[in-house]
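Take a look at the structures below.
Each of the next two complexes has chain A plus one more chain, namely chain B in the first and chain C in the second.
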Partner chain A sequence: MTTVQAPSTRSAGAVLGLVAGRTAAYAGVCVLVVFFALPLLWLVLTPFSPTPSYRATLSGFTLDNFDNLLSNPQTWPSIRNSLYLATGSSVLVITLAALAAYALSRVRIPGRDQLLYALLLLSSIVTGTAAMVPIFLMLFQLGLIDRQVGVVLVLSGGLLPAAVFMLKDFVDSIPRSYEESARVFGASPSQILRHIVLPVIRPGMATVGVWALVQVWGNFLVPYVLLSNPSKQPAAVVMYTFYDAGGQPNFALISTFALVYSIPVVVLYLFVNRRYGFAFQGGIKG
Partner chain B sequence: MATTSQAADVRPAPAGTPGPAPSGQRAPTPRHDGDVVGLGRARAVAFVAPAMVLVAVFLVFPAAWTLYLGLLDYSLTGSGAKAPTFVGLGNYTAALSDPAFAKSLYLTLLFVGGSAVLGQNVLGFFLAWYFRTASRVARTTLNVLVLLAWILPGSVVAFLWQALLDRRNGTLNALLGTTDMAWAIDHPMAVIIIFNIWRGTAFSMLLYTAALGTVPRSHLEVARMAGAGSWQQLRDVVLPTVKRHILTNTLLITLWTFNDFSPYLLTGGGPNNESEILPVYIYKEAIIGGHLGYGSAISLLLLIANLVIAVLYIRLLRTRDSEAA
Partner chain C sequence: MASVTLTELAKQYPNGVRGVDGVDLEIGDGEFFALLGPSGCGKTTLLRTLAGLETATEGRIDIGDRDVTTVPPGERDVAMVFQDYALFPHMTVSDNVAYPLRIQKVGKDERSRRALETARGLSLGALMERRPAQLSGGQQQRVALARAIACHPQVFLFDEPLSNLDARLRLEARTFLKQLQRSLGVTTVFVTHDQAEALAMADRMAVMDSGRIRQVGTPREVFQRPANTFVANFIGATPMNLLDAQVVRGQLDFGGFTLPVPESATGVAEGDKVVYGVRPEYMGCAAGPVDGAVRGEVRAVENLGVNVLVTVDAGEQSLRAVVPEADEPDLGDTAYLSPAPGRVLLYRADGDGELISA
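And now, the complex of A and B:
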């Protein structure tokens, strides 16, 4: 093909640069896919491997490892404990956060923005190891050490500021005319709350509830420090006890347990993502 | 108010919902201003109170107690357990002159700088930028993988990485053909930094994806017509628009990474305290060693470091605001 005279050396260079850039981008993306996928291979392959070990390989397919899981006496109690901690905290957070968020959004309380921001900052700072010593001591004094309700209270306290913040954002975006027209028709405040407000903010509550559930489900440090009785520990902690006398991990048990323990958060994530989109993430602790 | 507009800024753009403007500015009539249901201030306070009580008891109070404990020689065993005495700033001077603390602080800064401020930030932005023009398959694949790394429980993730890096049978050694490379022992800091990039990039990716959605297409088109290359578009059009998002994101991931305990599950702080970042150091001193007073003092130093960072970022945010205005 006879090319048009026009392309100067500069634009030829630009085309070359573009091709080089594209190639580099592709290579980079391939590297990234491998980087993010590599650690996950073990979780997908090992539970079904006839010879489970540290190495993730495709050496066959078996369901025998799951017998190991089912016969282990700690499996189901620990999952049940996780479930208890996660739903307990989630319900508590959602209830208190919805009440607070609604009132903060609709009624002018002096200094509410400053208060919210101060708490938000504090929660992202204090929930780590920094507060573990006083929290441990306080629960010790209250007689809440080694009790699951203590873990629920501590985790809820840590999650609440962010939950209130996210929900208030949500309530703010709901037009006030809904409540106004109900009021014009003579509905009482409690009727408006139950029949108008609650249905409208339910999606927001579901999103924040799932967020809290996932946070607690994966939390290791708080139950690890506050619960010492193995029968009360959640799955996150119990997973670290599946070693034999020689200190070798029990691969058949750990791999299947990890898979079973991970599935709920993945399913919940898919549910939230499909139903509401993951857009709310932008609001987290903003 | 700066804080409110920051909140509005972080919210992703797609929905057509009105921003959470302060009710006073937004409502033309006084009737819209505030309490449409007729809750009244007393009931409003009653609504807010339970949440605030829980937060006060389990968040604010422990923070205040940290301040107090740091002044005692309180410990779980020995004389400090029965009758802790007031040592004033003794714990703080001890910490500040302790080379182990200085080293831990240095490692923490390395960890936060390498994995959060640089790693997650840049990679998250790159992914969000790449997704704008990527094919559907590439975008979905990367999106799912990055998100999985973020949402899986921490205990599972830690074991996955142990399996990856194991000395004898690790997948990485098998792939590279290297035998007997104990990655977590030979390069503990590199391992936990790379681990944290893998673990946390999703948040930056999500936030920047939302942020890039707010850049007006018309601006990009004007720039393109004026002959700007993609690098120039990025620098002159996109970055100024999403500057606030970058600052907010950096602040959040910095604070989270500062308090991140999960490297403990990977290296246990070892070998020889080579990867003992501050949260791990506090855990070892206070919970394992039982030196609660000393641990509290370091907790407070960590809190102060966090506050300094937060205030610095907010300052930066404000100056950027006044520049823009």
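And now, the complex of A and C:
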């Protein structure tokens, strides 16, 4: 017994220290949680509040804000524009990335990995602020300013390297014997792609598709710079215009619109997650 | 159905390695032919070249009376079963088996009917709607076979067909595969690294090493009369006794004991260095003196079930014999080993270690 008690009395101070440490850690975590949870709470509560402000309060319940939003002439067109830009870019990115990933996975070209890494690094510049002026000038010369196709092309270009990188991992994990087996049965390269490679990497394509969709859905800068006609602007840009005459933000419209705006993304995420499950098979290889 | 003829076939990789190095081979119509060799000997490369997945850099391949050397894989009229079976994971058994027919543009109803018919023959009828991941290893193998059979090829190519099965299932699958090949009568080439598998299944076999064929023959020929020391060493459950000897005064001198030159080897001259080969299975082991036997001391006794593998040290040499369990000697005993008459083979000690025969 003495041998058991001796260490426990000695460590009483240590236990106290441990408790204090844990308390401090939990307190820190709580602050962080509040920090991240408050905006979400605001997003859920404010649209139903009769007196919306920058504070998240439980001051009654009303659906007037939604009436207000629906009667705003810009609401539906902007959501439709967002859908158009997001699905357009997503489909373009999946199509091109799947073809490129298959080719890059199966064909040996010198410097392939370096090329991929370089593209990945550069892509963050294309959709970033730094390249906005040259991109604007380029699209101006191509006559693509104030056209949604231009926005789709720019955003897809920026997303493609990362999409190719992710999908290549999926293609790399397909045993070559699948394709060789099909080849011996007489399948052409396009049949191999359609019958075997694409169906096998479908979960990867779903993941990349949703990722691209969310990226475009939330992108503000590119459509803001490239589209000047308000009837062509997506929701992310239109939300920025919800200020009253005095320059004060219209919290009723902004909060309600923000909620409506985020619903499609959440629904899509849940749908794809249920159908395919998000998975990255290989992870990023060094 | 067709014969397969390979003429001076070679496959050189861009880095200069010759995976297949000048192979001449004739595989008869309907024959079950094994390509046997250690890993990296080029047997799989040879099979893949035959399938068209690798292009031959030299020589030609004929299937039937058609030169297919440059014909793409899909038009060679061969079907290949891969080591990992390569079943498409997103397709049901039915779709997998029907896949070759889908490529041949057979109608949907017709191909599922034919897939079911083929699959029934391999007792897969009840599994048609399963996915490959829901099947056992043996079932997966049968699906891969059914898929190969469904396209009615002239030649089957099997790459290590049994290596993904566990030991007990492998024996069953071996018998099954042999019966299946016999009943279909389709020319079949299969690759294996397991000499027991090749001996058990093949009508004829080729033993390969470093891209070359070292011996072609029936399993019996290859087992009883290996053409060189490589084949002698590779074939057999227990390795062959290969002892260095020199011809001295018409006798084989092993350094410590002598044995007579076997009658079959008339091509040896005084002073020749040779390798004396005899299988442990063809070695008699007695406790008392026997005429023409090697006297030695028992160094190791290994139980093989019905038999016992006895290792005996004699002079500077070490010999092995397989003896019935009733005659098992004790460690340290003196034993007299005598090779069975007519079972001794002499090989040249230099060059490729070729068999010396009359």
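The working rule: the second predicted complex is superposed on the first by the 258 of 286 C-alpha atoms of A that agree within 3 Å, B and C clash if a C-alpha of one lies under 4 Å from a C-alpha of the other, contacts with A are read in each partner's own complex, and residues count from 1 in each chain.
Basically, a residue touches a chain if its C-beta (ideal position, glycine included) is under 8 Å from a C-beta of that chain, and two chains touch if they have at least 3 such contacts.
Treat the numbers as computed from the prediction; the structure is a model and nothing was measured.
Asker: Report clash or fit for the pair chain B and chain C bound to chain A in the combined superposed model.
Answerer: After superposition on chain A, which the two structures share, chain B sits beside chain C with no clash.
Asker: Identify the partner contact of A:199: answer first if only chain B is touched, second if only chain C is, both if each is, neither if none is.
Answerer: second
Asker: Should A:36 be classified as contacting the first partner (chain B), the second (chain C), both, or neither?
Answerer: A:36 contacts chain B only, not chain C.
Asker: More residues of chain A are touched by which chain, chain B or chain C?
Answerer: B
Asker: For the overlaid structures, how many degrees, to the nearest 10, lie between chain B and chain C at the C-alpha centre of chain A?
Answerer: 90
Asker: Considering only the touch criterion stated at the top, classify A:186 as touching first (chain B), second (chain C), both, or neither.
Answerer: second
Asker: What is the minimum C-alpha distance, in Å, between chain B and chain C after the two complexes are superposed on chain A?
Answerer: Nearest C-alpha pair, chain B versus chain C: 7 Å apart.
Asker: So chain A touches chain B in one structure and chain C in the other; where do those two contact lists coincide?
Answerer: 180, 183
Asker: For the complex, give me every residue of chain C touching chain A.
Answerer: 51-53, 72-76, 78-80, 82-84, 86, 88-90, 99-100, 102-104, 151, 157
Asker: Inside the complex, what are the residues of chain B that reach chain A?
Answerer: Touch residues, chain B against chain A: 1, 3-4, 6-7, 9-12, 14-15, 17-20, 22-23, 31-41, 43-45, 47-48, 50-52, 54-55, 57-63, 65-66, 69, 123, 127, 130, 134, 138, 141-142, 145-149, 151-157, 159-164, 166, 168-172, 174-175, 198, 203, 206-207, 210, 229, 248, 252, 255-256, 258-262, 265, 278-280, 282-283, 286-287, 292, 295-296, 299-300, 302-303, 306-307, 310.
Asker: Considering the complex alone, what residue numbers of chain A touch chain B?
Answerer: Per the stated touch rule, the residues are 14, 25, 29, 32-33, 35-43, 46, 53-56, 92, 96-97, 99-100, 102-104, 106-109, 113-114, 117, 119, 121-138, 153-154, 156-158, 160-161, 164-165, 168-169, 172-173, 176, 179-180, 183, 189, 192-193, 197, 214, 217-221, 225, 235-237, 239-240, 249, 254, 258, 261-262, 265-266, 269, 277-279, 281-286.
Asker: Quick check on the complex: what are the chain A residues that touch chain C?
Answerer: Chain A residues touching chain C: 175, 177-178, 180-188, 191, 195-196, 199-200, 202.
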